[in-house]
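Quick notes on the structure that follows.
Letters A, B and C mark the chains in the order given here, with residues in each chain numbered from 1 onward.
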Amino acid sequence: MTPEIELRGVTKRYKTGLFKKPVQALRGVDLAVRKGEVFGLIGPNGSGKSTTIRAILGLIRPDSGNVYFRGDQLSATCIQQEVGYLPENPYLYDHLTLSELLKFCARTSGLARDTASVRSGELLARLSLDHATRRPLRTFSKGMLQRAAICFALLHDPSLVVFDEPMSGLDPVGRKMVFDLVSELKDRGRTIFFCSHILSDVERLCDRIGLLSHGRLIDTFDTGALTASRQGQVHLKVDRLGAEQRDSLAPILEGVTETDDGLLLTVFAANLAALAVRLNQLGISIQGSREDRLTLEELFMRSIQGGEK
Amino acid sequence: MSRSAALGLLALLLIGYVFVQRNAWEDRALTRRSSLPGYVLPSGVSRVLAMGNKGILADFLFLKTMTFFGERFQTGQIPSEADWSYLMHSLDTVTDLDPYFLDPYVFCEGVLVWWAGKIDEANRLLEKGIAKRTWEWRLPFYAGFNSFYFQNDNAQGSAYVIAAAKIPGSPDFLKTLAARLAYYGKKTKTAVLFLQQMLMETNNPQLRKTLGKRLAALEAASSIEEARERYLKDFGHYPEHLNDLVSSDYLEKLPLDPYGGRWEVLTNGRVFSTSKFSEQPSTKNPSGVQPVPQP
Amino acid sequence: MKKILALANITFKEGLRSRAVYGIGLFSFFILGLNITVAGFFMRDVGKVTVDMNLSALSIAGLLLVLFVGLNLISKDIDRKTIQLVLTKPISRYEYIFGKYVGIEMFVFVALFLLFVISCLTVGGLSVVYEGYFQGFVWSNFIVAAFFVYVKISVLAAIAVFFGVIATSSFVTLIFSFCAYIVGETLDEVVFYLKSSASSSEVVISEGVKKVIAVTSYIAPNFSVFDFKTEAAYGLALQPSRVGNSLAYGLIYILILLILSTFIFQRREFN
């Protein structure tokens, strides 16, 4: 099946100033996003996430490599009709009212007037902006602006949604709203591409996660596989362990970690019962236990460091 | 700084401002009085700098010139040669920026001619206006007067006045004036007619004063001339002394010369004054102020 | 076409609601007040002075409107990346350029028209007070002259759009546009002065300078073509051929600039 979006060997270099060295923003990115999936792009600041998004949207042209939309090479016209874009820190027109903005959006998207009014009514209610339609945008708070920009992006019900840091600047209520919205879009089969710093959200929403660092796509994780791989490790906390005792436990232990006030014994869940029995036999009391979930954050840090080496 | 200290300081400064401001304006008045009129940019440069606003630049340059000379008149200062040079350059630039603009030509006639006595310059400027402002009878009228009265060029004077009379909308007196010029030649009456018209044109109070005075002098001279003519008709010869006109009832009384001079009769019969119809006593002839030229 | 009008509509509203408009409005009132005061200083040609001031005020107001509001209507879009939002909608680059330009034009037209109405009132009022000094004045000439001020400002707006699309910052666009205005207003005088003084060999001009001036006179706009102030001030006859040619010159220049802007804009990237 042809992917919705595909990047093949995309490189991009920016000139930052007259006498400064150019910055290599993307170094040969290969990426594919399938139809109906939620793809999250994560990476440290300056890794090229926004550049990737702009390449997808046709706002920049790659120096080498190609961007494909539904199998065809990207041209501005073909993607515009199908995509809804939310940039990071959107600036909208200060002096327009929200309704004027949405009217403009409808007209440029070619929506019929009644469809547009129905859609905007729904979206505004959904994002709790229906009370603010007559207010000029410059009076909006950051959260409201973000939501207004989401309306702007989704008004024509695009099949592809591109979000750049959709949660940034939102309070918990707003974030929940966006989260629910993205889940809803996902349920309706829309393809969603977004990048975010908030790894927990990425983890919960995305089907696949791409990790970008220094302009290179280091890794792609399947979140399903991620959760699966994480299961199975448990840590037990004990006071101390003698060298002999450690040796005797070695076959079932995955690892021993020293902490400030004791030791952490790491073991697979399958071997937990056996370990508990052995510790009991040795007369070592278990202070506490913790189930290990390898968080996305740790994976992120490890991969970054690995990539840097 | 506490609030009350700040307020106190402000009060002091305001008081100081009252004095300083007054001094500054007084200084400016003094400077303007003693200042040289300044440099006039050549027309070519002015035209470029105007950036499409030539008309308005002409207006303001002219206003500046008028104000400068107005101040000179008000304070009783006699303009120097440098001042006249400024006037000529300024009017030149103004009429280059906007050759259709009437006011500079009127000013030119009033000041450059009557005060500075620069007749050639004046007529040169007027020619610019005559070429462009073709519907304006006043311009050839002024030029005609200048030629007749100051340059003693009757032929040229007549030619100008006839040209003025031809312009549609020109007043009727021009036609008769042209005829008069041909017939009477250099009678003071002609000059009176010219000046009366000139006075009707001027709103500038200072200029009106100057011209009015001159007109009064010429009217006085003219009345004496006419009385002499009547005497001649009756007696066959001109009176020995001007007082004879009064004693013989041709004049109620001998009119006064507003310039304070004594009347004298010239060889061609025209009545003139020892004041030479100029603002200064006749003994002095300060630079730049030319008296009315001798016939 | 609909999309051009949609963008024009919001550009127009943005322009009209910006604070700068009030400043320019105040400035214009000030100039017109000055007009009424100063008119009485002049001896005879009050009509001409009034017309001069009004048309110059319109011209300066138009310049300010384009440089401080119109220009921002494009530059701010680019600076604040709103343009990225707009361009992801199904709107082509040429629709964007024309939409913005039409919006700026609509805004400038409304603002200048208001000023024109006020200046007509001033002229009308003064012509009653100073009756007799407005003999040369003809309303139709005044209206034509004011219209061509608008045409001139429209050309300037096209220049601002063009530079806005090329330049990287709004300040650079402002400087270039202002320089273009200066060149436009002075070009006529400079070229003709050089021609006359060269032929009368008053001033020696190098061949290089002559070539530069010749090239400039082809590329740069000659705003004096739109200058009908003298005809308005003195009621001189307006030749229809000159009026027609000036209008055609303006329209063609604007269209060329907009199309060039579109070409450049197609290639432009947004970081």
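Convention: a residue touches a chain if its C-beta (ideal position, glycine included) is under 8 Å from a C-beta of that chain, and two chains touch if they have at least 3 such contacts.
What you see is a predicted model, and the numbers here were worked out from it, not measured in a lab.
K.L.:
When you average C-alpha coordinates per chain, which one falls nearest the overall C-alpha average? Tell me, please.
P.N.:
C
K.L.:
Measuring between mean CA coordinates, which chain is farthest from chain B?
P.N.:
The most remote chain is A.
K.L.:
Based only on mean CA positions, could you tell me how far chain A sits from chain C in angstrom?
P.N.:
Chain centroid spacing, chain A to chain C, equals 49 Å.
K.L.:
Where the centres are mean C-alpha positions, what is the separation of chain B from chain C, in Å?
P.N.:
The answer is 42 Å.
K.L.:
Report the inter-centroid distance (CA atoms only) between chain A and chain B in whole Å.
P.N.:
88
K.L.:
Can you list the residues of chain C that touch 2 or more other chains?
P.N.:
none
K.L.:
Which residues of chain B are in contact with two or more other chains?
P.N.:
Residues of chain B touching two or more partner chains: there are none.
K.L.:
Using the touch rule from the top, collect the residues of chain C that touch chain A in their complex.
P.N.:
2-3, 6-7, 9-10, 13-14, 17-18, 80-82, 84-93, 269-271
K.L.:
Can you name the residues of chain A that touch chain C in the complex?
P.N.:
Going through chain A, the ones touching chain C are 14, 54, 57, 59-61, 76-77, 80-81, 83-85, 87, 90-96, 100-101, 103-105, 107-110, 136, 149, 152.
K.L.:
Under the definition above, what is the set of chain B residues touching chain C in their complex?
P.N.:
Touch list, chain B to chain C: 44, 47-56, 58-59, 62-63, 66, 98, 100-103, 106-107, 133, 135, 201-204.
K.L.:
Taking the touch rule as given, give the residues of chain C at its contact with chain B in the complex, in rising order.
P.N.:
38, 41-45, 48-49, 51-53, 55-56, 59, 136, 182, 185-186, 189-190, 193, 197, 223-224, 227, 229-230, 233-234, 236
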